[in-house]
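Chain nomenclature is as follows: A, B, C and D, assigned in order of appearance, with residue numbering initiated at 1 for each chain independently.
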Amino acid sequence: MSLRKIKNISLLIAYVLAVYIVFPNNAYAMHIMEGFLPFNWAAFWWMAMIPFVIVGVRSIKKTVTEHPSLKMLLGMAGAFAFVLSALKIPSVTGSCSHPTGVGLGTILFGPTAMTVLGMIVLIFQALLLAHGGITTLGANTFSMGIVGPFVSYGIYKGCKKLGAPLWLSVFLSATIGDLMTYITTSFQLGLAFPAASGGVMASALKFMGIFAFTQLPLAISEGILTVMVINILSAY
Amino acid sequence: MISIDCYAYSNNLKTVHPVEKSLFAMITMVVCLTSPTVITPLIVLALMAGGIVCKAGIPARVFVKLMLVPLSFLLLSVLTIAFSISTNPSGFWLAQTINGVTVGTRYPDLITAVHLFLRSLGAVSCLYFLALTTPMTELITVLNKMRVPVIITELMVLIYRFIFVFMETATTIRRAQFSRSGYVSFKSSYRSLSRLFSALLGKVFVKSQELYNSMAARCYTGEIKVLTKKRPVSLRNYLIITGLEIPLILLNLLWR
Amino acid sequence: MAELILEAVDLEYSYPDGTNALRKVNLQVQQGEKLAILGSNGAGKSTLFMQFNGIFRPNSGSIKYQGQDISYKSKELIELRKKVGIVFQDPDSQLFSASVYQDISFGPLNLGLSEEKVAERVKRAMKDTETTDLEDKPTHLLSYGQKKRVSIAGVLAMGPEVIIFDEPTAGLDPRHAREFMQLLEKLSIEGKTIILSTHDVDLAYSWSDQMAIMYRGEIIAHGKPGELLMRSEIVERADLTLPWLIEMHTELVKKRLAVSVYPFAENEGGFA
Amino acid sequence: MAELILEAVDLEYSYPDGTNALRKVNLQVQQGEKLAILGSNGAGKSTLFMQFNGIFRPNSGSIKYQGQDISYKSKELIELRKKVGIVFQDPDSQLFSASVYQDISFGPLNLGLSEEKVAERVKRAMKDTETTDLEDKPTHLLSYGQKKRVSIAGVLAMGPEVIIFDEPTAGLDPRHAREFMQLLEKLSIEGKTIILSTHDVDLAYSWSDQMAIMYRGEIIAHGKPGELLMRSEIVERADLTLPWLIEMHTELVKKRLAVSVYPFAENEGGFA
């Protein structure tokens, strides 16, 4: 083995170890923390979020006037999503992660409702657990409450149309929904902090690379788990 | 159950009007975010630490522990910004070239990273000031005053209440699973968790119907109206906020 | 005192999934009465209660409030629910807000009262249920007994004439159950009509002045508690046990140590 | 019979939020014993139980199983939990699987047994708890009493030596409570050691052969039930009520109608 190869391998090991030390539980890696985005970008993502929230509010209002008991159901679904995200799931690499519940929620309640619920859950995560933040709420809602659910929903519907079995549609929708959330966040960070050479793309790729270690296994674990839950639910 | 939440109901500032606390926290946060210098975040950090520990009476140990929560995200992201990989070894301040690929940090990136690090910590301390001193139920009424759509605040009321109900259920189910040797292997962990999730979800459906019935029994007709106890408005507090913010804003402006 | 306030006439009800929950239920409740409805789990007690303030609508038969069939139009329903309050068994599915004060104010606000009136009512209800010092605590930090008291306050604040309690002492330890019964006594003295369901025969016996026994969706007996419980065949059919006072008495009568009238006047019984 | 199976030594425990839950708890449980732990809500009964199979770890002091300090390494914990099973109070949180069969098989499957072995155990446990005909039913359609039985089956299927029941009769109507006590008797005859918590003094008195009284995280008395309950100051301090047999006896002694030994031998008491 050449010296170079050893150096490369040891660099990789150092990276893995570093991630393990920094992320003992992979806690909420993909919520951009309070104050991390520059003011302009924080404001931009807030603006980007608002139209989607308005659409979500309208659609919820409509369903709720037709079926008043759905308000309680939505409220409890939101609480459920919060509790879900506070539980650790064993990741396929052997460590632990927190599920996002985006895939499950979208399949059950649709993407527009998930935008509003997602935003509220993110507010509570910021204020009760200090994961994410108020200024970064727009950016986080955009990735977790808008991109994630809509991608999940599209894939779920698309797969069903193509005649894929339920488990596959559910798995792909939850896994890819999760991955898209993380890719969006990487781009948000890349946009705010472009690299001196290579710009936004280089920076986004850098963030993707760093978080891949925690996010890829999480996405797969969550996919598996969502399939198992949907299986139990559809059996009874 | 959630320590931040517990302190919000038991700290010395809990009777201060929620609008005053929100204003103070949010203005300071914006000031911190827009600061061109590392001095402002440091002052903000000290100010909030003082407010949380001395005024609100929250143990310093708790505050320090909470400040460590976002540290994993912060360190990893800040390092990502500080270090870059490139095939062009020029312009690096500190670097290591292996195989034609250079890993290292450039001076401006390093400055950005340090600034970012402090700014985030300053902003987080503002968030903590708000979260640790203001009960969530009162924050929701502040949102009401800000004309946030009613449906959002209504959902927030319900979600906040039932977070704790479901958390308790989840905890008892988990204990029951542990006592029957759940989570002992990889396979059993997935089995345990998927059942925990679906059992909880089942509860969501049952409980929401029960809640609807019991609210209907109390004349619920579609809108969740509640009365919140009014907190006294203090002119003195507004003066303090102004007195603290103006120098900080001036510092930001003069630095440019 | 002998005025009919609430009445179920030939009530039939089955759940949407087809479960037969109530079968030809007839029941009269007098104003100011203390009525205990005894029955095992699943006998139909809770389902009957949901009929009393119009949450469920009977398949046939009717509910009368002060002699009039209740209407299921939303305005009249609100009038009814103002008069007939239900305290549900599980406070965790009744309390919707984390703030005690907010939760209690919900009912009176729905009645369209002014904010001052509501504030006054909330204060009064908190005083009556001794929850005033819980005001600033979030619901999730309260004990089970405290939550129970808050949920009662939420109903009291609406100023109902009839208060229905679904299994009120389930999950309470003896001391809290005793405190709860004292609160009930107070309400009764104030002139409220009180209906409660329980499967604790001792409690029902010592507290109530009327008793109904339900079994599988039917009311199989209704009358004075002492008379009812002396008929041990009914008690056994309803999957209940005899109260110890009566059990003791029966033993003593067998051994010719006591005379065969029913033991003690009501409200002098054992625990509770 | 006189062999120690489970022991708590100077156990101290406080919850992460600082609540002091257990204070210097010492308790010995003999093999094959029927131990009732009495106490009001929040006395620390459930917290103590969670220590017995290692779900909570004491701040100081220790739990001994068959004379050895228990270890908190995951392998040894599995061994311990195989021996010491807990049936939790709320069957809804114990039944987390969709069907009865799935739920009962959860424990044995986690022990890594072969499918045949698991099937055999499940069958046996269903027979013992008379739930065989519920096998394919979804758990949410069961009645409260059935849920309770299934949750016991889930623990029995793991083949424990010691079975702990947290408030087993809470929420059960008298008939189901009676059936449950019969099941307990059967398990006891098979040689299982049984611990249960309750605030029903009558039940504890008539069933147990050892009794401990907990109050605010401490065990304030431990001994034979008859002797313990004659000391009314303890019972009152623990916010409990006297069993009616003893209450009656005390009254009779006062009126000089009976002699002052404690009434009836244990296991001959009233209801249950």
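Before moving on, here are some points about what is shown:
Heads up, the rule we're going with is that a residue touches a chain if its C-beta (ideal position, glycine included) is under 8 Å from a C-beta of that chain, and two chains touch if they have at least 3 such contacts.
A quick map from chain label to UniProt name: C, D = ABC transporter ATP-binding protein.
Quantities reported herein were computed from a predicted structural model and do not represent experimental measurements.
Among the inter-chain contacts, the highest number of C-beta pairs connects A-B. Set against the C-alpha centre of subunit C, every other chain centre is closer than that of A.
Subunit B and subunit D have Cα centroids separated by 42 Å. Each chain gets a centre from the mean of its Cα atoms; for subunit A and subunit B, those two points are 17 Å apart. Between the Cα centres of subunit B and subunit C there is a gap of 44 Å.
We define each chain's centre as the mean of its Cα atoms; on that basis subunit A and subunit C are separated by 47 Å. In subunit D, the residues that touch at least two other chains are 97-98, 140. Residues of subunit A in contact with two or more other chains: 72, 232.
Multi-chain contact residues of subunit B, defined as those touching 2 or more other chains: 1, 5-6, 136, 157-158, 160-161, 165, 191, 195-196, 198, 207, 211, 215, 220-221, 224. Taken in their complex, subunit C has these residues touching subunit D: 39-42, 143-145, 170-176, 199, 201, 239-241, 244, 247-248, 270-271. On the subunit B side of its complex with subunit A, the touching residues are 2, 4-5, 26, 29-30, 32-34, 66, 69-70, 72-77, 80-81, 84-86, 88, 91, 98-99, 106, 108-109, 112, 116, 119-124, 126-128, 130-131, 136, 139, 149, 151-152, 154-163, 165-167, 170, 174, 183, 186, 189-191, 193-198, 200-201, 204-205, 207-209, 211-212, 215, 220-222, 224.
Contacts from subunit C toward subunit B in the complex involve residues 50, 53, 55, 74, 78, 81-82, 85-86, 88, 90, 92-99, 101-103, 105-107, 109-111, 115, 118-119, 122, 135-141, 154-155, 158. Residue ranges of subunit B in contact with subunit C, taken from their complex: 1, 5-6, 9, 14, 135-137, 157-158, 160-161, 164-165, 168, 207, 210-211, 213-221, 224-229.
On subunit A, the positions that touch subunit B within their shared complex are 4, 7-8, 11, 19, 22-24, 27-29, 31-36, 38-39, 42, 57, 60-61, 64-65, 68-69, 71-80, 82-84, 86-87, 89-90, 94, 104, 116-117, 119-121, 123-124, 126-131, 133-135, 189, 193, 195-198, 202-203, 206-207, 210-211, 224-225, 228-229, 231-233.
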